[in-house]
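Take a look at the structures listed below.
Same chain, two partners: subunit A is paired with subunit B first, then with subunit C.
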Partner chain A sequence: MTHNEIQSLVFAALELTNQSREDDAQVPIASDTPLFGKQGHLDSMGLVGLLIDIEDMLQDQDIHISLSDERAMSAANSPFKNVSTLVAHIDTLLKGE
Partner chain B sequence: MHHILVTGASRGLGLSMVEHLLDQGNIVLGCSRGKSPFSHKNYHHFEADVSNEEQVNDLFIKIRKSFKYIDVLINNAGVARMNAFALTPFKNMRETIDVNYAGTFMCCQKAISLLRKSTNPRIINMSTVAVPMNLEGEAAYAASKSAVESLTRVLAKELSSFSITCNAIGPSPIATDLIRGVGEEKIARLVKQQAIPKMAQPEDVLNLIDFFVKPESHMITGQIIYLGGIS
Partner chain C sequence: MTVQFLLDKMAELKDQEAVAVGSNVITYGQLLTKYHDWLEWIKTEKIQQGEVVSIKSDYSADSISLFLALTHNRNIIVPLSNDSKAHFDTFCDIAQNQYDIILGDGPVSLIRTNNQPDHELYKVLHERNQPGLVLFSSGSTGKSKAIFHDLSQLLNKFTVPRKMMRTLAFLQFDHIGGVNTLLYTLANGGTAVVPAKRTPESVCEAIDTHQVEVLPTSPTFINLLLLSGAADDADLSSLKLITYGTETMPDSTLAAITARFPETKLLQTYGLSEVGILRSKSRDSKSLWVKVGGAEFETKIIEGRLWIKSESAMLGYLNAPSPFDEEGFLDTGDQVEQDGEWIKILGRQSEIINVGGEKVYPAEVESVVLEMSGVEDAAVYSLPHAITGMIVAIEIKLDTDETLAEFKVRLRQHCTGRLQAYKIPRKITLIDNYTHNARFKRMRKRS
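After this line comes the complex of A and B, so read on.
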């Protein structure tokens, strides 16, 4: 998958997330959107839901990877800090698959 | 009609669950380490060892491909080896923890995305009265099930945002393969300590499964219900 394809997939998953959120709690669909941690739009369960949706979408393409990461809760190094770090994280995982 | 996954489905209590759930018109997916002697048009068997991460991954990939979602996960697969603590081989303890706790842990984790697609998602774990009774000779077994109880309570909280309820059933002694190695006298002594001093039947467990599964039980989560009046 190319970087752009991964980003499109993350955007699609965020749109799914937004469907179950109130109008005033919508997550902006952009590469610099903070996701988790400082100024993040998602709480821990919101993040879990997003990651499950992304894993699901990848499985639809017969790609079976786990996005969980020990650094998830560490604000400084978290791959879930914003959309672009998440895209980079998925890219790394796919290259190592 | 639900899609229901039962682990440890090929014999004993698991097989009773499969037959009962099929009688209700559900599509039942079962797994066990070997083949199942059972066949039914709505029963689909998978060979998987729940203590093996790779096999659990494969199991859920296959289920996802064929059935898209599940409504209920029943973590019934379990092993029980009674032995004095001082004489319990480390290997047996490890196997007990791996199947009873790690197996339940992995199946719950892998099932989340399939359960999220259900309108009435449920996880039902299996514990035992050996936990509250702190039974001698069951150090590894009771500890593994105690871990299952903690897991059940934590998942009840973590998965509530997905509307998934997570509860556990703690059967008192039932005549199944699991307790075949336990002496009759010991079982009789155990049963005597219950508020209802009778051996339980598989139907008593099935009744609790029906209770947890029904839509009206959507507010019941994180509960461990023991048979026989043990608390």
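After this line comes the complex of A and C, so read on.
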């Protein structure tokens, strides 16, 4: 998958998340949107949900990976900080497959 | 003589209907005749007192009368219904049966095995000179345990006369609930109605045909009964009481069944294969608060968990250490909420999902999800997750054409406001089959 394809997939997952969020809690669909942590739009449960949605979408393309493995949690710079770090994280995982 | 009180009752009510299987109805007089035929047969085949005998059969006039005859002969009985067909060999191996009796449409088949049972607990029973009963747990929490009862103690509690009822035999005689239904019915001159199949349609037909008054069943079956619409095509006005047990009742299912059958009383039962079925009383038909006990039972609650002591408790497991504490209490593993003498069963300790330190009971989540239109079945389980330790996962059977993504949105919208965020299922899997086992108990996946 190319970087752009991964980003589209993350955007699609965010749109899915937004469908069940209140109007005033919408997550902006953009590469610099903060996700988790400082100024993040998601709490831990929201993040868990988003990651599983992305995993489900990858599964549809027959790609079976876990986005929240131990490495992800101990990374000095959290891969869940914003959309672009998350895209880079998925990219790394896919290349390492 | 342990079964004498049953025989006396049968002789007294010889024209009364005892067992109805399909359109075939057997009276107590006929059952008694069959019982004496079996006694002769046992003598001919030289089955000795104390020997271990398995009966492979579902409920029928033959299997019931054979069960009574073997009880009289003080055998250790291992009833094996077709519910557990896949495990017959394992179960026989654990119980060390010396005889295998197979009842079907044809003539009876008797097989002598080479087993020489020498279990310590069998010796205890031999010294008491009493009949025994081996039941197997469903194995929903690991491997099946062989539960060994002194059958005379199980029978004792039925010597107190109670109401004569026409009862649907929902569970087979290899389940404590099925044994309870059978013995209650025989002891009080009632009629045991065996449905041709355990489907909602077949059960409704049996209730209609034989004017059944009591339906002992599980919340999962009640859910299916409501979904199937089978109750709309049959006359169920004879039904006075529906009892439910074996698993936690979802609020949504209880609300739906009381609305559908406003004239029928709902009663929660509570029992374990290890201690038997307790007498119980629901606060009212719409309530999940229940009082459990009875003359031979003592209960205590420690750290929210229910412990039970019973005079008719099993002697022990054949294949596991004794689970009783020094005072003879058994940890049921069920977490309960308490309000004076009333308790509410929340779920099994072993099934609690710990999401970031918060406790989630599968039944509560299932109850909310089952309220959604299009959801036929739902079973919650836990998945390990790096972020919150565990997450709530759910398997769903839908009768809509929604995609997973579409359904996810609808589920989250439905659950928001009804459940705290940590209880809302994060991993959702759509499945094609119902989640229950042969006894209509919801089987949750284990991660």
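Keep this in mind: the second predicted complex is superposed on the first by the 89 of 97 C-alpha atoms of A that agree within 3 Å, B and C clash if a C-alpha of one lies under 4 Å from a C-alpha of the other, contacts with A are read in each partner's own complex, and residues count from 1 in each chain.
The definition used in the following text is that a residue touches a chain if its C-beta (ideal position, glycine included) is under 8 Å from a C-beta of that chain, and two chains touch if they have at least 3 such contacts.
Quantities reported herein were computed from a predicted structural model and do not represent experimental measurements.
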Checklist line | Touched partner set for A:H64, first subunit B, second subunit C, both or neither | finding: first
Item checked: Dominant contact partner of subunit A by residue count, subunit C or subunit B -> C
Note to self: By the touch definition at the top of the document, which applies to A:K38: first (subunit B), second (subunit C), both, or neither?
What the structure shows: neither
Check: Does the superposition put A:G49 against subunit B (first), subunit C (second), both, or neither?
Finding: both
Check: Touching A:Q19 in the superposition: subunit B (first), subunit C (second), both, neither?
Finding: second
Note to self: Per the definitions at the top, what is the overlap between the subunit A residues touching subunit B and those touching subunit C?
What the structure shows: 45, 48-49, 52, 56
Item checked: Complex interface listing, subunit A residues touching subunit B -> 45, 48-49, 52, 55-56, 59, 64
Item checked: Contact set on subunit B toward subunit A in their complex -> 57, 61, 64, 112-113, 116, 158, 161-162
Notebook entry, point to check: subunit A touches which residues of subunit C in the complex?
Noted result: 356, 385-388, 391, 404-405, 408-409, 412-413, 416, 421-422, 424, 426-427
Item checked: Partner subunit C, residues of subunit A touching it in the complex -> 16, 19-20, 43-49, 51-53, 56, 66, 68-70, 72-73
